[in-house]
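All remarks here apply to the structure that follows.
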Amino acid sequence: MTTLALEGIDLTRRYGGFAALDKVSLRLEPGEIRGLIGPNGAGKSTLMDALCGRGGPTGGTVVFNGRDISGLSAQARRRAGLARSFQKTNIFPALMVREQVALAARMAETDNTDEVLVALGLLDLADRRAADISYGDQRRLDLALALVGRPSVLLLDEPAAGLSINESIVLARLLKDLASSWNVTVLLVEHDMEVIFAVSDRITVLNLGRVLAEGTREEIRGNPEVVRAYLGSSIE
Amino acid sequence: MTLLRLQSVDGYYGGARILHGVSLEVGAGERVAILGRNGVGKTTVVNACLGIARVRAGQIAFQGQAQAPIRHFTAARAGIAVVPQGRRIVPGLTVRENLALGAAVGRSGKWNFESVCDLFPILRERADTPGTAMSGGQQQMLAIGRALMANPALLILDEPSEGLAPVIVDELAATLVRLAGEDTSILLIEQNFSLVHRVAQRYYVLSKGAVVDQGTVEGMSMADLKKHVAV
Amino acid sequence: MIQVINGLVYGSFLYVLAVGLVLIFGLRRVTNFAHGSFFMLGAYVSYAAAAHLGFWTGMIVSVAALAVFGALLDRFVFRPLSREEPIVTLLVTFGLLFVLEDAVRTIWGKDYISVSAPEALSGSVTLFGSQFPTYRLFVIAVAIAVALGLAVWLRSTKVGLYVRASSVDPVTTAMQGVDTDRLSALVVAIGTGLAGLSGTIAGPLMALSPSMGGYIIIDCFIVVVTGGLTSFTGAFVAALVIGQFHNLGLVYVPEVASVIPLLIMAAVLGLRPQGLAGPRK
Amino acid sequence: MSSAVPRDKAKVAAASIAAERRTPTVVLAAGLLAAAGFAVPWVVGSQLALTLMTQAVIHAILATSIGFMIRQNGLTSFGHAAFFGMAAYLMALNGKLDAMPAELAVLAAIAVPAAFAFFAGLIIVRLPALSFSMLTLAVAQSLYELMLRWRGLAGGDDGMAVRLPSRLFGIDIELFQAPSSMFVVSWCALVAVIAILTLVARSHFGVLTVAIRENEERARYVGYHTLVPRALVFALSAAVGGLAGVLFALYNAFVTPGALHWSLSGEALIMAVIGGPQAIWGPALGAVIFFVVKNAMGDLTEHWPAIIGAMLIVVTVLLPQGISGLLNRLNRLNRRSREAGKA
Amino acid sequence: WAAKEPLKIGVPTSLTGPYSQLGDEVKRAVEFAVNEANAAGGVDGRKVEVRFLDTEAKPDLARQQAEKLALEGYNIMTATIASSEVLAIGPMLGRWNALYVATVTKANDITGKQCQPRLFRVNRPDYSDAAVIQPWLATRSEAKWAIVAADYAWGRGSGEGFRNAAAATGKTVVSENYPPLGSNDYAAFIQKVLDSGAQGMWVALAGRDAITFARQAKQFGLFDKVTTAGISFTTDGTVKVLGDVVKGINTIINYSATLDTPANRKFVSDWAKAYPGDSPTNFGGETYIGMQVIFQAVKKAGSVKPADVAKAMAGGTFETILGTQLMRKEDHQLVGPNYFGIVEAVNGTLRPAIKMTVPAQTATPGPDANCKL
């Protein structure tokens, strides 16, 4: 068996008596795109936090390319090749778009700033202050900060939120591209089911801090529990 | 009566002109959508109504009353509540307090803490946790709940479906339609066509800060709408 | 024991002054270096008013005058600058400090002035076997009243909620229909009014001089920072702790007494960067 | 991600060339400015004017150091006089104790404040902005108290003379104490400081620290350590403050605890902000203007504090971005109208 | 008087800031002396011009301002408030080709370790104040004493002086307190003095500290319980502010308008004409003495060049309102008497009044051995 790109074992996080994450385990193969869905407050963002070393103390182990990184700081994890984007836009408001993407690139082996700017359609905004671009554009900038420098594993928290339909389609295609051409592994949280179903190799469903189901898109779509707790009736 | 009317509005951030002669209106009990790609100026329309973006030409009227100058609280006092893009939950306040803040204008109506919590039960469950400690989607519910607390005559929602699970979006759609039936007009800015299709009666399409198209949703299929609007 | 009460007096006095600073900082994010001058102005105004109207009316006049001054300040200075970096408003308060000192020096002269305690409070009581000035007990009472009043106002009234909301996100608060401009003017007025109050109660304790604000403002900021910048409870605890240690320091280690407040602040921030009761980041 | 369109490539290339052209320009401009400084003593005959100008320039260096902190770290030091005074006292104490050659003392007087700031910075740059400010104030005031009480060695509040050898770096010490030559020395130091800080601000390190200032958390999630760069900015700023202190000690040959007092820190801060710290050169400009105005007002009336205060209020309300902000805006307007003219 | 070069006097003093009130007192005295001289046809036929610059009592600034005055030609200077300012100015006088006469600054070093060829002093230094404590203390019956003195060079020095005097006269010091400069609350110290069982108290606090301390001490009833004496504690200025609070307190007096000599009576009555309803304060009187010395030295030198004036000053004798006094060659200290008195009502106003005169030879002991001129 090849080494896993990323593995979380028994990840747990509590806020007071409430378990936002309760012994969740997750195994990502290299080059895989894994969809992560679940109701609001299921613990998806918390799971990403646990994987990348954000927030309070977490129980469990994170293994990255065969190496236990549980004790590493967030910046060390990023330098090892584990990057993430944020659900709540997290950018450098006073810096130019290009400036900040280039800054993020400096930390990694390859500088693909321009490639990323072009791919995300940000080139025209490259010399604008990040504070002065629209919300959707800021969302894409946040994504660019994660993509640049060719990390080997990407944790993307609702990258399509706030994007117009066309942009979402471009994004979905881009993710597919990335996975196949760079062999990037992606853990993708999304509430936009079109994107999820279009790109995910497998899907994990979280509910109340635990894994509810895991499987291919067909299996997930057909799982009545998932439909009841999350998908609802309107997904065709 | 029209609740909100923009007449040839030019909107600016500092010296940058963003809106070019935008005109649109929302009547009583109407459900209207604004569509458009990222960065065309949808949020700027809202911000112009809130006095965040500056109006240098044209006119904005609430409930038939022309407004100048527009202060940040003008819209709220004219019965217009906004669910802002990015949620803007006030840090340091609990869920309950964030909701109470929404009732600052003191209009009475069917929405109060209890009824909002019936719509989004999680808010009751977590009433005393800090608002910003909630998950992204829960915060979105809180933002919507807070706007409802004002019992507005017009509810403006800037991409409310963002971050919400599909089941919740379903409920939201139903709620919005119901609201309009109860005399609250809706101005919906959305990328989620399924929501627009279910909620809106009319739509405006914005491109590069100008209204380039408008029409009625009723009678169109979802596919038609997508094709027609072609954003 | 008497020494502990003495520490309490100084702490109480610091609290009344510092809590005004907390209010203004909380709402406007203004590092108000002129607060010491407001205090000084308050002392002079009440001194002038008291000469004709008596101590108590003088107190009311001083608080009211300073409150009006604060409201105007908010309207014409803090509001226009509310979108600029905090450092810019800080500079304005520096300027104000210069102007106020000079104005007071011109109006009331450079001579020191000394004020007597009001008749009713000028005696002393016997406490733990020693004679203790009644006026000093009054200072403690004022601080307790202010602390309780503020706590009730901020925690359990609607306006209090708006104040708390507006201090973290004024735009969103205004979007809910709150006139945050008027709210700020009110809060700044209360803050400067408290400076007037503390100036008044300082009169019988210390010499009035145009530069008296400078002697107190640093201790005051130390209280605010140690307490956690925006926390009223924090300021209360910090003022009492610092007042106490300051006083005990004077008694037992006078050589380093003047840096004790600084050391307490450094120690607290070392352990809790957010201050005693500041919000966790 | 191989779909970059050729048109985009051209844009990309053009932008990066523009960025590279700047370094030599900065060096050249600095050289010219420094050279201009040599002409000043010839043009300005009056000793009085020269001594004022020298003092103004030394203050300008101090203001520049504070401004740099504000610009890069977003943190305001209320106690920068600590570094200024620390350097001056190091020079003075070395003169008294003869611990090392004066040349070495000069370097130490710059290095010690920097090292001190670096290690203190590792602890305190994480604090909320106002708390940081107050702690810097605390450090400075503690040093002030220390020097005030240290009668045996440092003369307490009476201060101490700075004993210097007859030559420093091979230059006659008299030259450091005569206004006409000291002006040139200080001026060159100021120009060099501004040039170096400008290059630092444009470098990767400069952008990184601004990024950390803007959003420290995100900087960590793109892979950077955030503490060390901020502490380094603090250290660099302290070194510049120390340089000002060294020049001060050389010129005046006398230090008192006043060199550590908060009113000096406050004044330097005022200078930095009215100059506008968003431009590296802003604070220096502010310093010179403030110094000259204060001096002129002090000559005219004893109500100078009120006049200075009122001017401060008016200037900041009208020009919240400082003088450099105004100049930059005028410059932009000018350029825009020229471009409009062309089109 | 167009013919002769005017006498230009520079006054770098404290016009703003915490000591501005003292600055005002010396300023009035300088102006009074200048007006008086000009009205009498000038000094040696020269018009007297004066220029004041603000030092905020900061040594660094004092040095800058003094340099400015010297370069502008006001190179005979006087009347700075703080000793540290004078010590900062002193070493530069040669370089600026200027001269300085200290009038209210008391640090021993000015005519001691840091004496300078161009630096002179007319008022009583700290060691002179120490020298008069002992004769006074010998007359007192209180055995146990407490000290409250400001925590800086002057206060500490005065405390030490008192301690020595106490030892020499067989008294014990039961409590020593050095509150920091600019304290706001003296309750802790007052309590300590009360608890110490002292019968007498020596206070060396000045200006704002003196007033704040006195006010609080009164509230605690301290003055009623112990005999209080001090230096700079009850000056004309603080007594005016404090009134009855400090009635009956004993004090060293360096100069007082109540001094009953013909020269002083004339000075006081001329002053009252120039400033109706006012009488000169201790600092005013001392500064006036400085002006008298400058004027007479200029006349003697027949020049306004600092070098010539300095030559005329050193070793000369001068007619002052305190009598004929010698400016010692060895350390440039004017040799004069010192006084002890009590705060009481004189002609209806409360002020420190002289009760005991300590003659010049006791009050101004020999030249400081540290001074090498």
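A, B, C, D and E are the chain letters, set down in written order, and residue numbers restart from 1 in every chain.
Everything below uses one rule, namely that contacts are C-beta pairs under 8 Å (C-beta built on N, C-alpha and C of every residue); 3 or more make two chains touch, one makes a residue touch a chain.
Treat the numbers as computed from the prediction; the structure is a model and nothing was measured.
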Each chain counted as touching chain A and chain D at once: none
Taking mean CA positions as centres, which chain lies farthest from chain A? E
If we define chain centres by averaging CA atoms, which chain lands farthest from chain D? Would you check? B
Quick one: report the Å distance separating chain B from chain C, using the average Cα coordinate of each chain. 43
Just give me the whole-number Å value for how far the CA centre of chain A lies from that of chain B. 28
The distance between the C-alpha centres of chain B and chain D, rounded to whole Å, is 49
In chain E, residues with contacts to at least two other chains: 16, 151
Residues of chain C that contact two or more other chains, please. 101-102, 255, 258
Chain pairs satisfying touch are A-B, A-D, B-C, C-D, C-E, D-E
Which residues of chain A touch chain B in the complex? 15, 38-42, 44-46, 87-89, 132-137, 140, 157-158, 161-168, 191-193, 229-235
Chain C residues touching chain B in their complex are 158, 161-162, 164-165, 168-169, 171-181, 279
In their complex, what parts of chain B are in touch with chain C? 50, 52, 71-73, 75-77, 82, 84, 88, 90-93, 97, 100-102, 104-105, 146, 150
Report the residues of chain A in contact with chain D in the complex, numbered from low to high. 52, 54, 73-75, 78-79, 83-84, 86, 90-95, 98-100, 103-104, 106-108, 112, 114-116, 118-119, 123, 126-127, 145, 149, 174, 177-178, 181-182
Could you pull out which chain E residues touch chain D in their complex? 15-16, 52-54, 58-61, 63-65, 67-68, 71-72, 83-84, 87-88, 91-92, 107, 109, 114, 151-153
